[in-house]
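Chain IDs A, B, C and D follow the sequence of writing; residue 1 opens each chain.
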Amino acid sequence: MKLHEYETKELFSKYGVKIPPGIVARTPEEVYNAAREIGTPVVLKAQVVVAGRGKAGGVKVANTPEEALELSRKMFGMEIKGLTVKKLYVTKYIEVEREMYLSLIIDRATRRYLFLASPTGGVDIEEIAKANPEKIKKIYVDPFVGVREYHIRSIASWLGFRPDAPQWRQVASVVSAMYKIMVDYDAELVESNPLAVTKDGDVIPLDARAIVDDNALFKHSDLAKALEEDPRDVTEFESWARKVGFHYVELDGDIGIIGNGAGLTMSTMDLVYHFGGRPANFLDIGGGASREVVREAVKVLLNHPRVRVIFVNIFGGITRADEVAQGIREALAGGGKPIVVRIKGTNEELGRKILAEIGVPLFEEAEEAAKKAVELAL
Amino acid sequence: MTLINPNTKVVVQGATGREGSFHLQRMLEYGTKVVAGVTPGKGGVTVHGVPVYDTVEEAVRKHGVNATAIFVPAKFAVDALLEAVDAGVELAVVITEHIPVHDMLRAVNYAKSRGVTVIGPNCPGVVAPPIRTKIGIMPNSVYQTPGRIAVVSRSGTLTYEISFQLVKRGFGINVAIGVGGDPVVGLDLMEATLRVAQDPDVDAIVVIGEVGGDAEERLAKLYAEGAIGKPIVAYVAGRTAPPGKRMGHAGAIVMLGSGDAGGKIRAFREAGVPVAETPFEVPKLLAEVL
Amino acid sequence: MKLHEYETKELFSKYGVKIPPGIVARTPEEVYNAAREIGTPVVLKAQVVVAGRGKAGGVKVANTPEEALELSRKMFGMEIKGLTVKKLYVTKYIEVEREMYLSLIIDRATRRYLFLASPTGGVDIEEIAKANPEKIKKIYVDPFVGVREYHIRSIASWLGFRPDAPQWRQVASVVSAMYKIMVDYDAELVESNPLAVTKDGDVIPLDARAIVDDNALFKHSDLAKALEEDPRDVTEFESWARKVGFHYVELDGDIGIIGNGAGLTMSTMDLVYHFGGRPANFLDIGGGASREVVREAVKVLLNHPRVRVIFVNIFGGITRADEVAQGIREALAGGGKPIVVRIKGTNEELGRKILAEIGVPLFEEAEEAAKKAVELAL
Amino acid sequence: MTLINPNTKVVVQGATGREGSFHLQRMLEYGTKVVAGVTPGKGGVTVHGVPVYDTVEEAVRKHGVNATAIFVPAKFAVDALLEAVDAGVELAVVITEHIPVHDMLRAVNYAKSRGVTVIGPNCPGVVAPPIRTKIGIMPNSVYQTPGRIAVVSRSGTLTYEISFQLVKRGFGINVAIGVGGDPVVGLDLMEATLRVAQDPDVDAIVVIGEVGGDAEERLAKLYAEGAIGKPIVAYVAGRTAPPGKRMGHAGAIVMLGSGDAGGKIRAFREAGVPVAETPFEVPKLLAEVL
């Protein structure tokens, strides 16, 4: 779950970090009132969970409440990288002296938490890594040890502060807060970019974002509720698909993909692409998927406006082929689109038989099946 | 044999559950020495003739269990793993999916500090046809042909698919390890490859990667440095995966600009590892490097 | 710091464990009122931090408030193993079905927490270990893992309960509370003995005690304050000595011992005993002790009524011999007792010279010095 | 040499403090390669000619430090130890006294999981006369005679005392290790003895125990099983220590009825280890077993 800037900043604030005054607004009137309350100049920031919203016109400065009202009318409803702007975060305009970068992730290789710190920020970490890799320092934190003074020391001095500078404790506060957010909220990423030194000499997270582990949302009912109310980065199809319980990602082609297992499903997409087709989606029915899930999966693609051919590629491990076949049969009972099915695995023969009964062709190999799917989509 | 051997005695945690019971039977059929099951509160029953206990400790004490296959639901899986570590198993295969990554991060570190090897979570496990031992959920039918090829993979079904292709073209399999699709796994693609490379009965390794993380890049680097010492053929899934999106596996995501399939394929090729364009090309490339 | 029964039980209660109703009383009148409030029969329990107070008459049952008043008059002021009874804990009398044992310590060998559980309790663990060693089960808990369901399962089933028994969750609650007390309060021991199954079928800590790490008291100002107000297991001399800052333990002989380092000081006591003398105390001035501390140490023993000879045995490591010598000289300025001094170590010659100036004999070897001290005490 | 060797390069944490600075100089005088100091916020100064840094990481990077001597106050000592572990030292000697035991419990476990050996806390350190290297606070004057006797002890000053007696009677010392007086130490009396026993340059081991815990009993058991393989002479302090009282060292206490000196002496004697009645008897018994 990707957290909005305002949600992330609220967490920073909860853990004692000073953040710029800000109000979330859902209508131009709310923007106007917020601008008056906060005091102009203000910044209007589109709350969409994508990078680069500034370049896309999602961040504007308003010098009066009236200007804020005016600007917000254009910003609400804007599309930024496919996402519609529904909320604006109205924040105090802050004069900035220097922009830094600080993020916290889980490092897969070392199985530790990892801070990435750079004394220059404001652009994506990828860009810093390309232009000035020597500016990025890695500070590892073991989960059994947690953030300690020596980590803070390492980060604060790398960001350019001396222990006796007033900013030192502010950096310490940001570092501690990021770690607490990471651990307490099961985050996979907590980022402040830019982490700014203001003209007044304060260190504040001028922008911030976080991604929370979807597998841990059961522990965080407040976030789960926020996600329910504002699915943020998913299309209607994605949202629906996830509610049914499988992994679904929207792509831009016309061949609907259903696979079991993430790797096989991705490989099926790649295979379609390899033979000249364009996958419309990623739909993984997962391990141990029930007949009902398979049925719903096929139905999603039957209803998908862009999908012209459905390609089901199942190599049975924990999934039982007869369950898959029955799900497909049930889904097709209500009419259909061309379907190419390949099943191999557990209870395979039974699955084949079930499909044969409804006249759906079966392929032995995914390669032939992929070619057939691409052919049907032409 | 890597990870398992003829003395491997397995307990199934979550033995009385639907999946646990189903796969316990498949493991027995394959030839695995599944000697005990554990389901707290169900001690005393048997599942497919295997006695079930309340605790792993009891299974270890009574049957000399040294490996576990964990099938318990995500909310309880970390506890099950820690229990197995404390009970003294040497290998823990965590099949369970959807375990919170921070919990697994701590558990994996703890297991390592106790000298326990963890495979998974969110993995198909490990299977060794030469000794007819499987700890996991791979389809038995695919792993009937022993041989000298190792398969190491971040995927489940794609591993079966490629193993199936290998066998179909006459290759035999020494061991297949699905390391798991989560961001944090007990043994990652690089580490597992390094392990199988040390087995004198392995001639070549098929590595199956996917988007997310940098295990493939780290492996490519090791290979280039000569640390693997055996031919590798790679396949990487997810060339058509969009950035910033989680592709089914919790670990399959391009984040902070790193982990895309293109970069991994490039890293392999630059290190001298041939990369298959499709799963079906793997046997062909394998034949070329042997 | 040894916690009283009532203090320990309050911690159990804080962490959600049901404890018998109880009130701490400092006067017979308070006992009477407590007995009325709680409802008779009640148990009067002397709050002294020693084992075996029951056998010593420190635990009495009263059937009426009047009887409680009467009994308490005899109990207040009682001496139990050298400690005076100043507080009585008045608790509800509980009918007991079965007495169990449960404690939590730090296991030095494995560097883990260790629960000791026995389905029979009520007597000291040493006695259980002697009579029924097979009844004691050890359950190790790693500090990075904490108490988990599987530990609770192991303990509860060993204590004789089935998962579906109502007592199962009560045992779980006791186990969790003990672990929390252990970690949150830096305890070295948390014990419930007996942990009782009542006639009503409840599992309750009928008696409980805890020892908190003295080195961690700075983290627990509430406990430090309680210790200040009620030094509990120390004599006046011990209390004084500890306030000065060194380790002091009262013994029953007449040769006062001052050493640097715990091992050497114990060895000095043993040496005196070996040559037929009786050490009066253990006084370790510690590493890096200042002149002031040494001076105060000698003064303590000069003022000690039982001490007839003082034996200072210093082998200088981190301690500087000249500092020691100066401290001794300063202490002796106000009059004295026979003193035997042996110093060896850092700045040794300087120390020797200082002592020579005030006519205090110096010994090369502790053995000779010990013999001399024993001789002087005859 | 056990624990230290001619390539041991030491950083002193808390180098600018009173004790740290004092002992840094003593270590230099003895011959120890003290190449750096660390005091957060004091980076840039020098102490007795040794450069001081803000972080251990810097000291490691610039001087190839592989061992640390920690002199920082109790409240900060655990952080200092963890910092050293994360910076990659191989050996950490924690001199500091009064560290909360739970904090040390976690730190020691963590250090072990990272392969770092910890000596202490609340210890005099380690000294090896043959290579004139000392990490700790032992008086240099006592350790001038190299030889083939190892001394392993739970005490500080008593170790110097007995080492002094040994040297006086003509014995030379290979290594002296004070394992520390706390209940939880990085390497306990048994473990440290096991380590020195493996050194081919050690002929016999003097073990100095005291009340509290069961390290002496465990060592006696190992000795009886033949796991030490070298003669041991023991001394145990605290025969006159009353039960339930902490005797200076946090670890020197008889608790739950175990840990009294009598039991330890009995365990040693039953295992065939001679036990000296006084410190001064140690050299005599040593001469008898050699």
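Rule of thumb we're sticking to: contacts are C-beta pairs under 8 Å (C-beta built on N, C-alpha and C of every residue); 3 or more make two chains touch, one makes a residue touch a chain.
In this text, all values refer to a predicted model and were calculated from it rather than measured experimentally.
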Subject >> Between subunit A and subunit C, the fewest steps along chains that touch one another >> reply: 2
**OP:** Determine, using the mean of C-alpha atoms as each chain's centre, which chain is farthest from subunit B.
**Re:** C
**OP:** Between subunit A and subunit B, tell me the centre distance in angstrom, where each centre is the average of that chain's C-alpha atoms.
**Re:** 27
Original post:
In whole angstrom, what separates the CA-based centres of subunit B and subunit D?
Top reply: 43
Subject >> Centroid spacing, where centroids are CA-atom means, of subunit B and subunit C in whole angstrom >> reply: 52
**OP:** Find every residue in subunit C that makes contact with two or more other chains and list them.
**Re:** 142, 144
Original post:
Out of subunit B, which residues touch more than one other chain, so two or more?
Top reply: 106, 109, 112-113
Subject >> Pairwise touch network: line, ring, star, complete, or other >> reply: other
Original post:
Using the touch rule from the top of the page, what pairs of chains touch, sorted by label?
Top reply: A-B, A-D, B-C, B-D, C-D
Original post:
Which residues of subunit C touch subunit B in their complex?
Top reply: 140, 142, 144-145, 148-150, 153-154, 157, 163-164
Original post:
What part of subunit B is in contact with subunit C in the complex they form?
Top reply: 40-41, 54-57, 76, 79, 82-83, 86, 106, 109-110, 113
Original post:
Considering the complex alone, what residue numbers of subunit B touch subunit A?
Top reply: 19, 23, 74-75, 97-103, 105-106, 108-109, 112, 124, 137-139, 141, 153-161, 164, 181, 183-184, 188, 190, 208, 210-211, 213-215, 218, 235, 237-242, 244-252, 255-258, 277-280
Original post:
In their shared complex, at which residues does subunit C touch subunit D?
Top reply: 50-51, 103, 105-106, 108-109, 111, 116, 124-126, 129, 142-144, 182-183, 186, 188-189, 211, 213-216, 218-219, 247, 249, 251, 259-267, 269-271, 273-274, 279, 282, 284, 286-288, 314-319, 344-346, 365-367
Original post:
What residues of subunit B sit close enough to touch subunit D in their complex?
Top reply: 109, 112-113
